[in-house]
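Next up, some structures in structure tokens.
In the two assemblies presented below, subunit A is common to both, partnered first by subunit B and then by subunit C.
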Partner chain A sequence: MFSFCTDPDVLGQFQWLSCYLTTGKHMSLYVSVVVVLVLLAITAPTALLFGFGGAVAARSRIPPVRWFGKSYIAIVRGVPDIAFFLFFVIALDQAFEWMRHKVLCPDWTDPIRQGNDFVVCQAAKLPLSSSPQWVHETYGFFVAVLTFAIVFGAFAGNILFGAMRAVPRPQLETAEAYGLSRRQTFWRILVPQMWVFALPGLSNLWMVLIKATPLLFLLGVEDIVYWARELGGTKTSRFTDYPHGDWRMYYFAGLLVFYLIFTRISEIFLERLMQRLTRGQATTGGEAQRKAAA
Partner chain B sequence: MSCLQTIQDYGLRAVGYGERLLPKEDFTLCEQFTLIGSGMIWNVYFGVLALILGFFFANALAMAKGSRHLMLRKPAEWFIFVFRGSPLFVQFFFGYFLFLSLKQVYPIFTPFTAAWLGALVVLFLNTAAYSAEIFYGALRSIPKGDVESADAYGFSGWPRFRKIVWPTMLRLAWPAYTNEAIFLFHASALVFFSGFPSWQQRGDALYYANYFADKTFNPFVPYPIFAGYFIILTLIIVSIFGLVNRRLNRHLPQEARRKMKLKMNVIR
Partner chain C sequence: MNKLILSTAALALTAGFAMADTVRLGTEGAYPPYNFIDDSGEVAGFEREVGDEVCARAELDCEWVTNEWDSIIPNLVSGNYDVIIAGMSITDERDEVIDFTQNYTQPDPSGYLAASADADIEGGVLAAQTGTIQAAFIASSGATLVEFATPEETISAVKNGEADAVLADDAYLRPIASEDDALLMLEKTELLGGGVGLGVRESDGELKAKLDAAIQSMKDDGSLNELLAKWEIGPGF
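This part shows the complex of A and B:
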């Protein structure tokens, strides 16, 4: 990258390191950090949406919808999330291909599952085998995001369901007394007030989500864990200008520090948000703020 | 081949007894149930040992974090921060490569590069940090009146801690600690996906579930089996911890012994 990098063998230690850390492969590592951030930025709102849907379904008056919502938000507690990740990545992929197969090739008669193979017609393949590399990568990323959203949506649903029940009952009764309909009560009274009850759970969930991002590696996305393993491994001078021993330990120490800083910043930010949301609420926190101000 | 035969061959496969080769094709349901179940031995092993060892270390850490001495408090705070602030997955990788480099210098670290010891150490440190934070939180929320009455009755020092402070702390922490235990068992499924190699294809339940899913390209059978095993395991943990909870609260009047509520905002 720098002009003095043309012959790495003659460089001093500091210059060598600055050249080493800006090779093309290291750029991929830095890009994958951005990928992680993008994943978080997309997954968090999507999971919240899934969770909201799940919580609303669990409160529904229609039994089948209620059962669906309850089982959705209950199932993730008993089973490790990593199992869901491994499961959904294949299951979603097969589900998409199966649907496309049914639509695109209606006159296909062979069974889709033949022994140990999953066979769909060429046109139903996802992504199409003729599509360029970036489509494959984007599709993989999309499936990963959806998987994360489903699993963390269930956690969020559990939290929001609890938060909705934590809103003081008199608030809803007052709304009824003023003649608000069920829908109005829900959107104007319940939803604005539930956030302060949901926030401790949601901030914890955000931390869990950050710490789940390295699992992207298992979903086949070339993420930071992949690159740390790749770049840290022993390199001989035959294949690279920057030979080094087994440095994977240092790379993972670097990842550790990256996540520590990230979670610490989130913690400080969420604490501020909590202070902000507590203002004027009928909770002990809000009461304390009121007294401090007076 | 009958199912009984399969259980004989593969029931203890995860710990190295029975048939050497894993089934290669025409997987029966029985084979999948048996092998994934045999993998559960490792999940239980990691979970139980890390939980028991971690419990003692977590108590020490919580005391250290609550201590007035800077030399005790700061290291405990940093330990808890590092292990709670970073992903377990990355900790596993780091631990594995750390042991790998240590092994070059000191041969005594050779067993640490195998999952049975290395991953156990990482899990132990990890759960100790999470539990310590729970215990520390409970330590700080012990009702003032309890300690004051202990003082009034002439308790002090070790007896006060042993008879009043510590049991109250456990009582307050228990629901959150139950959650931590559940998640620790769940975390044990990560071991064989995070650097630690599985020797002679001896792996945990998820390792075998993944093996079947890869071979058959059909995730709809092995993963639900795996999920079933884990739901049973979770129910067992909850009932054992519920029994302990009952014992911890046995002095309370009947109505006050509320059923343990597991809150979602304390998950790791």
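This part shows the complex of A and C:
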């Protein structure tokens, strides 16, 4: 990076460190921080959407839809995350490839499952094995987002399902008395009022999601914990210009600070959001706000 | 005549496609000198050079991918990459699940790295990476096995006293022992495995044949021996 970095052996401490922290490998670490943040920014709303869909389905009056919603929430919540991540992602990827195979290579005669192998025609590969590495990485990233969204969507679904039931019954009865249809009651009365009941659960979920990002490496996305472990590991002088001992402790300490700052900022933000959502609600918190203002 | 020209053109086109076939090489990237991530964040090491040369000779377009050791075989059979090149010794158990090319290293004796020369390797606690031939060897011996996901953690286990010694490939342990005064190599070695080979899917016979031929040509002209000597990986062929 810097011009004086050509021979790290002769550098002073500060210069050595500035060279060390700007190697290509460290750049990968910094990039992975951005990747994790982007992943969270995309996953959180997607998971909320999945959860909302799950909760609405679980409340449906049509039995098959209700069964679907309830079993989605129950099954995904019941399966351990790691098992889900290891099994489901490979299965999901193979399901995509299987469907593409059926459409794109109809005259393929060999079986797709050959012993342990999963073989589809070249054109059905997802992404195509000839596509550049960044396409593979982007694809891996979106599979990661989808998996996270499905897993956390189930938890969010359960929270929202509970929150919808926690909205005081008289509110809904009043709406009906005013002649609002079921749909109107749902969107205008129930949904705006349920967030205040859902937020404590959702904020927990957000915290868990932040900490679950290291599971990314199981999906082939190189996240911060992977790079911290890789960079912190003992480096002997034969294989690097910057040999050092086992520095994983420092790297993990850095991660600790990163995660603590991140969760603290989240807490402050969620607290403000809670204040905002409580305003004018028929809850003890809303009542307290009204009295304080009066 | 026209038809002939057309079919030659078609043939040339398909040949062109075959040339552009991309083969993805999966490695661990945490096992120097076999494979590791260098300062610029690229895969490097003995297998990087062997892999690039094999690809050049087999006229394949190769792409490097890193994958955790634990899930390196499942990801191969499900098609996320096409070749495992990760210091993986050829064993019968693995051969049931995937296929191996011919070996490109001689069976390298595995060494013990310990904190003291009188470490108990017969009945003590020995560390090894999960799913390696060394782990299987310790499990069938009298010693207690502790397994770790990465090679790095096995070394830490010896340094902090959790294990008496670590059993791993000699080529991996030697550079570590030479730079850390607190660690030393024991005299005893174990001859395990049938050398390191490239892992491919059992259904990928064509690719296996190409890679085999390329490795053979590297053995024949001595370029493989040069690389083995350069990275200090066991005896040559």
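By our rule, the second predicted complex is superposed on the first by the 288 of 294 C-alpha atoms of A that agree within 3 Å, B and C clash if a C-alpha of one lies under 4 Å from a C-alpha of the other, contacts with A are read in each partner's own complex, and residues count from 1 in each chain.
Just so we're on the same page, a contact is a pair of C-beta atoms (placed from the backbone, for glycine too) under 8 Å apart; a residue touches a chain by one contact, two chains touch by 3 or more.
What you see is a predicted model, and the numbers here were worked out from it, not measured in a lab.
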Fit or clash between subunit C and subunit B when superposed on subunit A: clash
Partner chain(s) touched by A:208 [first = subunit B, second = subunit C, both, neither]: first
First, second, both or neither for A:240, with subunit B first and subunit C second: second
A:103 touches, of subunit B and subunit C: first, second, both or neither? neither
Contacts of A:222 with subunit B and subunit C, given as first, second, both or neither: second
Contacts of A:24 with subunit B and subunit C, given as first, second, both or neither: second
Subunit B versus subunit C as contact partner of A:125, first or second or both or neither: second
Contacts of A:86 with subunit B and subunit C, given as first, second, both or neither: both
Which of subunit B and subunit C A:41 touches, first, second, both or neither: neither
Which of subunit B and subunit C A:252 touches, first, second, both or neither: first
37-45, 109-117, 145-153 or 217-225: stretch of subunit C that collides with subunit B: 145-153
Contact residues common to both interfaces of subunit A (with subunit B and with subunit C): 86, 90, 94, 116-118, 217-218, 229, 246, 248
Complex interface listing, subunit A residues touching subunit B: 75, 77-83, 86-87, 90-91, 94, 113, 116-118, 155, 158-159, 162, 200-201, 204-205, 208, 210-215, 217-218, 225, 228-229, 232, 246, 248-249, 252-253, 255-256, 259-260, 263-264
Subunit B residues within the subunit A interface of the complex: 25, 81-82, 85-91, 93-94, 97-98, 100-101, 182, 186-187, 189-190, 193, 206, 209-210, 213, 215-220, 223, 226-227, 230-231, 234-235, 263-268
Complex interface listing, subunit A residues touching subunit C: 23-25, 27-28, 86, 90, 93-94, 97, 114-120, 122, 125, 129-133, 136, 217-218, 220, 222, 229-230, 233-234, 236-243, 245-246, 248
List of subunit C residues in touch with subunit A within their complex: 20-24, 29-30, 32-33, 36-42, 44-45, 61, 63, 65-68, 71, 74-75, 77-80, 82, 97-98, 150, 152, 155-156, 159, 175-176, 178-180, 201-204
